[in-house]
Amino acid sequence: MGDAPQPGPVKTTSDEFLLNVGPQHPATHGVLRVEVTMDGEVVKDIVPHIGYVHRGLEKLFENRTWEQIIPYTDRTDYLSAIANNFAYVMAVERLLGIEVPQKVEYIRVIAAELNRIASHLLWLAAYGLDMGAFTPFLYAFRDREEIGTMIEEASGGRLTTNYFRVGGFIHDLPPGFFPRLSAFIGHFGGKIDEYDTLLIENAIFVARTRGVGVIDRERAISYGMTGPCLRASNAMLDVRRDTPYSIYPKLSFDVPIGRNGDTWDRSKVRIEEMRQSLRILRQAMEGFPEGAYRVRVPRNIEPPRGEVYAAVEGPRGEVGFYVVSDGTRKPYRVKMRKPSFSNFCALPEILRGMKIADLVAVMGSLDLVVPEIDR
Amino acid sequence: MDRDVVSILKAIASLPRGLWITFSYLFRRPITIQYPEEKAELPLRFRGRLVMPIDQQKGTNRCTACMRCVTICPNHSIDIEPEKDPGGEQKPRPARYLYNLGTCMFCNLCVEVCPFFALVMSDEHELATTERSGLVIDLVKERYRLSGKKAGWWQQKFRSAAGEE
Amino acid sequence: MGRFLYDLFYNTDTVLAGWSAAAHASWAAHGRPAVALDVLFQLCAAAAVGLFLVLNALFIIYFERKVAARMQLRRGPNRVGPLGILQTLADTIKLLIKEDIIPDAADRGLFRVAPVIVLAATFMLFVVLPFGKGLTAADINVGLVYFLAIGSLTVIGILAGGWASNNKYSLMGGMRSAAQIVSYEVPAVLTVLSVAMLAGSLKMGDIVTAQPVYGYVLLQPIGFLLFLTASNAEINRAPFDLPESDSELVSGFVTEYSAMRFAFFFLGEYTNLFLAAAFATTLFLGGWRGPLLPPIVWFLLKTYFVVFLLIWVRWTFPRLRVDHLMQFSWKVLLPLSLANLVVTAVLVKAL
């Protein structure tokens, strides 16, 4: 083989060893790989490897017309398809200078909040599984199924909804949507209490999560963390509140924040957020206006030259679309700002110096969606 | 000190409370749908496989091979071979309408863009095949007959559109 | 006939002794050595226990899956046989006919032996288990000690399996299991001691008969809870299932096992569950004693009730962390069980 340097194992001192977690490991929720250097039980260093599901979406967008992009935005983060639709459609509408009717805004907010609850429920289910509690998984999926059915009735899709269009929707809300929604709002509050008792307040769960995976306020901000992960670190940032869009200024809701920035706070913030989403849904349902469910837009969308950044508060944090138009049928550039990526970047910082047993707890609490990191 | 005692007691109390929840579920009815035998009712707007249904009045499909669906499809899943109507009276029509199920992402854009309501996303969702070639379907040759509530919904769409004109 | 059935259920030992004597008499009449007959009898007993072990594990797996399903709003197995009762049988057959894979880097000898050790250890525990009045293979005078000693043997099999797999996850699972069983053995023994003190004997049969009608559970409520917790940890079940915690260690010590050897581990695990429950029944719930129904029925009913308790706990709680597990044993269970022992000792002496 000659003298050429051989690619070999990373040199470690006698006390350290490498542990490879993923890309196929039950705790990584998808194809994510982290290389952990350990000193006994203690994590010395952690190197995340991403890109296993990289599809080149941002490049792909440059070869698609403005309306063709919408179904792809579903697939960046398949758990919050609505939030992605919302951000992208809003960006294009701002480029075009379209004002959408009030009713459209209401439907969008209802869909987005339902999507937030569904996403948090899936996080709860998966996190329970990470922690070894299997039963909350099925309870959460039962409720998520109800939301799935509601969204499917409106859009035709459960997960990759492709519901939003530039200027409105393809369908109005279906008949019978509101009775279903109010029934859901009526009983879901009790279910949240149940999850709280069954998992979040459980002594074993608290022991495993409290004081674990702490990231302080300054660090969280400097890593660009957003969403529940940031708010758990006692930082108040919510796109819905700080850069209001759609009808959020009209609605009253609290933004729950945590105190310590540990794993338990991140869990509790999500649970509280589900309660707040219910509040928003209730208000949106009461003030629901009459009107058109879309405005006429040209058949071929050709926005004027310009660039726009539009962001919404997705379940995982700030979902932003930065779109640049050169005045043609296809965008010049679409850049997606995805919360999972920024939150994931903080993982080495959080985990350094902790026990390996907490790896699962911390990774689950960040609520990562791998296709969103890789895009 | 008192706070510690309270938190310990709360921690201990959380265990039987959790146990009570799972126990109370023990006597509820299962919510499982026994899939191959029972099937969930699909909503009207469900997006299954693309079909080109036969319009009962025309006796054939409603496609005019205008290529709008081919253009809009983000994944290039549709390919049309047009032909002229033999009589020359009617609009052109597709000789073959090749739909590639393998690349379709069920986004519904082709259905929305069709000015003649020739396409419908059906209720078919059990789409596995044993061969790749089975994924390319000629929708013209298939002569799909839409049935159930979806058929009424579809007919009403193009009738009301005809009424508007 | 009725008399015979009554004897068969209530005085099983005398019936068996009668049969043995009759067989010996006719055997001696033909001039054959009595030792051969004893060996034959023992083999029959072993076969019976083996059959019971397999059927019981099949049933408990089915039972657990059904109960878990109902707690989770599911139906559980319902395809194979009426109400899915044959599901575990089908699974077992599937496991038995699958390809047996031994990893290249594994320690082949140890890898093969490990599941057998686990199963053998559980098998040996049946010797002292009092199924009914006199229905014990050997009611030895140190039954309790025997049970505790042999019960800890499984850890050798688990550790060997984890080591022989030559896989980091397997090894960690095996090591965790060893640490766990060693630490939880201590509170378990201490609680068992207080029961032995109350009964004044280490013989299983005596402990059952020494108990009041309601069992020791009312005299030793904390002891019962402590024992259930400790033995739940000893048999590596959730929330103490760290040796095979799937989200951390993939499958722990069984990661590399497949087919029949996996089935052996699985069988051992569920038999251990039954044994832990049976032991708790014998020590705290009055064993086979009870009105109306025959002893063996009472014994199985009570045992399955305890099995239900353990299943219920498993499907409710999240998993502990390794260091918490150790802390829980040494800082909570051990002091509590010591206190329990001291209080029991004082009360026994005073009253």
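Letters are used for the chains, namely A, B and C, taken in the order the chains are written, and counting of residues starts over at 1 for each.
Definition applied: a contact is a pair of C-beta atoms (placed from the backbone, for glycine too) under 8 Å apart; a residue touches a chain by one contact, two chains touch by 3 or more.
Bear in mind that the values here come from a model prediction, so they are computed numbers and not experimental data.
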Winner on C-beta contact pairs when A-B is weighed against B-C: A-B
Longest centre-to-centre distance from chain B, chain (CA-based): C
Inter-centroid spacing, chain C versus chain A (mean Cα positions, whole Å): 46
Separation of mean Cα positions, chain B and chain A [Å, integer]: 25
Rounded Å distance between chain B and chain C, as computed from the means of their C-alpha atoms: 52
Residue numbers of chain B (touch at least two other chains): 15, 18, 21-22, 25, 31
Chain A, residues touching no fewer than two other chains: 135, 139, 142, 198-199, 202, 207
Residues of chain C touching at least two other chains: 71-74, 315-317
Touching residues (chain side chain C, partner chain A) in the complex: 68, 71-74, 168, 238-239, 241, 245-248, 250, 315-324
Contact footprint of chain A on chain B as seen in their complex: 11-12, 14-15, 17-18, 21-22, 25, 31, 43-47, 72, 74, 105-109, 112, 121
Complex contacts: residues of chain B adjacent to chain C: 15, 18-19, 21-23, 25-32, 34
Chain A to chain C touching residues, read off their complex: 19, 25-27, 128-135, 138-139, 142, 198-199, 202, 204-205, 207-208, 355, 357-361
Chain A residues touching chain B - in the complex, by the definition given at the top: 64-65, 67-72, 75, 135, 139, 142, 149, 152-157, 160, 162, 170-171, 174, 194, 197-199, 201-203, 206-207
